[in-house]
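As written, the chain order gives the labels A, B, C and D, with residue 1 at the start of each chain.
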């Protein structure tokens, strides 16, 4: 078979501790989003829609759910004979093995995987962001500019720039400097953590990096600075559109709420750029005569008898009579009894909320309440900011 | 575990659903918000661990091919066994078989090579959720040659006039099969038979110039064959007319009916579409309705079924209606007692009102 | 990279392979020891990174359905794109399109929705190994509206009488298309065209009452369209008769022909069977022969092709013959200049000898 | 979905050092056999043919090739939506992780995987043997006898019994004692390493075993003796048919030679029990006018111009004129030049044997010569027993 022009490597090893109990049992890329999806659906669907049919998913921490979720990749049309999606956990070699020590190390340890496709370019992705992006357009830009490495960047508000990795560029878009969380940013172009490398260049840098005992084996801290230090050609590719790091409970909640706008920036109904996900095979949702539903995203398998206002409801959720769900995200298979009130909360998968329970704090400045996975909330308890 | 193979025999199903079956066979008609009629028969087979399914198709089966793919949605895209759509074959010109016996004869290899001891033959018009393994164990206990499946109906709806009825003796043995309009034992167009006996009966029927396996091979031979009646007791609908389609669709809005058809441990599978969750805007008002994914609702919907990707504009009103995939109802349109086939568009302010006993039906891709 | 979608148009291919096409269309005829004719067209498309392929089928396509499955063997069983077998649709009764234009018209959605800028249309009778991405880049450089693919043949075999021939000017532009038996520029029944122009030409052809897209939309419009000729230079065979089938099968025994058809970086894919390696027993004697897996050989085989699972008994002799899947040649039988279709059995000691210029052909499942 | 009656767990972690350079880069279950197969094709095909559609493959050492080979399981019809084949490497957990310490530990560490299918029985397999076996028949026996554990055994010659794990049984087939490599065997029923456990029983023993610091976490050394010690019901299921451990170069060679008999004990052409394997998509083999082929198994993609006698030839092998291959196994994609002589040898994948080379020792008592993977043998070298 012919070689692959571009192979994607998706770093899905992060634990995402700021997501609290949401990532107790699952890796961050497996966290639920948008009534139907998991975070990793976005980069995987972007790959498929961009015509990139070979993706290595580098897992480390609790890969079982991710493994099981990705399965053979059929959901994203990545069940290909040559290529497709491969889950790549750390493995043992004749010379011994061990866990991945950093993002660059994870790729280095899979040189053999990449070599079998002999790609011209390698696309490095992370599994932490919600966005729709045509990687093929970025690849075209990368090829045309003849760069050794192209980094996609997004304009962030100047006042927030010091929270990001900032790329300083010349007039042609060539990166001259990389400032990790600069106190006094010289640019507002933040790295999205999406890189395209010429594979021959990256390979050499990975090998050198592995031999360097002082390296932390990280793309942002080691590989990119090395390339810049050697005056390699690094280009910034400016992305325009919705891009959100959902690394905290609040930002995850916000990103869900963003979808409820009449014309959300992130359009999930775009037939030309579908977001694929694993299908739970549930019957259509049933909206009972007693229900009131306004401003909501509701998935299949739900039975709604209560009131839903400004909320995102995943599949298999039951909301019984006289219950009110407001400004909240209800994850799959949650059962909500009668006379329950839920405000500004995220209810994790499989939770059972008993009759009369009151959850969350309605005041707009309050923190978002999180009910942990398969939790049970009794009427007597007043769960808030748990 | 004894193995069963399945045949879905569409050969003698007539396409009586008016506009809905102009361009597709009855088995391919959308039903229940996201399914096609045939999904029930195939899902029942898949859930009963049937791993080989043949579909005998004769007419208008192209949308069936699109829908079934290679059995993917049912995990039936297999090397051993799997799902096969079998249109009539251009085979031996000296073949004297006729009717559905031609199908049985042409496809005798499916029967003989199936990794199974029993064959379950079903049509597509009886909607239910049935475990054929249970049928098999009753069949074996009864010592019968053939088990036919029936249900006792409460009310004699007109659609049952087209079905066969059974007389059953105290031991569960079928004593006669007929069309008595007042008999409530409705035959569900499903039977279980051992592979060897099926093969033998097919040959005999052809030799005797038969053209309809059930009539010639089973119904007319109740005396020499031991035919057992298996009673199915769950939710059931027979859909062979627009009226029965419409009434039984509405019945899905009843919780009991719904839950006994869509079971968690025996789900009804269908081809996967990647639609976003349904979106309700601030002006929406929805009540007693089944809504599939991909819908965007700004108007009012009551006592209805919305299939995938339906758009309902602000101020539009939909009542007692079935709106199929990707229809667009523009603002302030009013629909009552209406069935819209796929891809229809109702323009702003337009009103369409059918009768509760005879809904107004629009064929695919109409704009009004 | 520009994207191409593929159409394999079998609509006007006649089934002229006598016994071999009694029960199947020409595209489904076994060829080369383990392939079917259509495998070459589909593999060429798959190797050229074409991800959507429609097969326009009209007659005897059932064994094609069995063979192609959902495009599995070509990695074309996809959600986006994929392989579709499209028999004629029962669609709009007011449809006035005829011939293959009915196919193009019924399936205009395939053209319009394909994730592609260009469409490559091919038949199944021209066996070759071609990179359509190369055709596309020459097409774009030439600035042409349509590129038609041809090859210069060395010898004027009778099968070329049924093919169109091209006159090409110094710039590679086609100046006329005709049937001159002495012209060696044989049109390979493949053309590349932009999606938009194809869609436009289809409409025009239907409006003018056409029935054959290539003749009405391209051949007769060489003056207003810029039609470029792409010359293919690799191994080629046109198979539209038993004689051309037989002669070109034998040609596969020549190393050059073989290697330029079966390339490592552009393999010909086919449906996978799980046959064990071929087994040669102590009494076997095989020479200048292609042998597929699953064969068990105890006899003598020379200048022949054995498909999968053929058994050759001790003392049997096979010369200049093509023996298809699962045939059994019993001990001491003699076959010379013979083509056996699948599942034939030649009993002990029987002799069958055809002529080198006209092989003796046995249809499927014959026992002699 | 309904639960699974029986889930198989295939222990494929072994390095198989006795296979020398054949397992330098690949795990033992990935070793080639029979002109077309890898060892693991046999247990996987047995599962499919026995109607067991859920298989966990426990990998550890160099899993990449095995991972890549198994892929989505499509070759064995194990690309199922619910179930199918899952490759299970060791992974990191919130409480830390590490490599599998023994066969029982490998299963213990995948309790979560098994729990999701909630099986009634678990079938434990190893990836080291060549055999065709109906596990479903064994499962029926296990269920009928009401055993906690059923172990499949095979009669071995008495004189060899001391090389095996021997099961001593009573008249009803109940196992009374387990002797690992006994000096004075009381029975000739050797364990095949194929176990069926009731899952509830096995689960408890695995949990207890994991808490036992003195355990080596091995089925044969720890779990089976524990069950016997507790007077659990262990039954022996007698298997009849071909069964071969191909753990050494000689036994691998012998097993290949066994296939060349006119009616081999292991019938690969049985349509009702196909051995599935990944298909390399090669054209039919070509036997040239200059070739002499006798007593051989030859796969697709070969071009034979020389003489093949009593040998097994994998796919993609070329044998040029005047070369003689005798009593040998030629693995995939080997290119053999002109005037080469090969006797009693195994030539590893991708080797290039140059014109005039002489390999191996024709004397029947000699050891089998092994040419290492992608080796190149020059005419001047006389490779034997390397």
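Just so it is clear, a contact is a pair of C-beta atoms (placed from the backbone, for glycine too) under 8 Å apart; a residue touches a chain by one contact, two chains touch by 3 or more.
This structure is a prediction, so every number in the text was calculated from the model and none was measured.
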When C-D is set beside B-D, which has more C-beta pairs in contact?
C-D
Taking mean CA positions as centres, which chain lies farthest from chain C?
A
Measuring centre to centre with CA averages, how many angstrom lie between chain A and chain B?
40
Using mean C-alpha positions as chain centres, tell me how far chain B is from chain D in Å, no decimals.
46
Could you say which residues in chain C touch two or more other chains, in rising order?
79, 267, 274
Per-residue multi-chain contacts in chain D, two or more chains:
81, 276
Would you tell me which residues of chain A are touching chain C in their complex?
1-2, 5, 48-49, 51, 77, 80-82, 276
Taking the complex as given, what residues does chain C use to touch chain D?
32-34, 253, 255, 258, 262, 267-270, 272, 274-282, 284, 286-294, 296, 305-306
Considering only the defined contacts, which chain B positions touch chain C in the complex?
23, 59-60, 62, 65-66, 69-70, 72, 77, 79, 84-87, 89-91, 274
Footprint of chain A on chain C - complex, ascending
1, 3, 47, 75, 78-80, 265-267
Listed in rising order, chain D residues that touch chain C in their complex are 34-36, 75, 262, 268-269, 274-277, 279, 281-289, 291, 293-300, 303, 308, 312-314
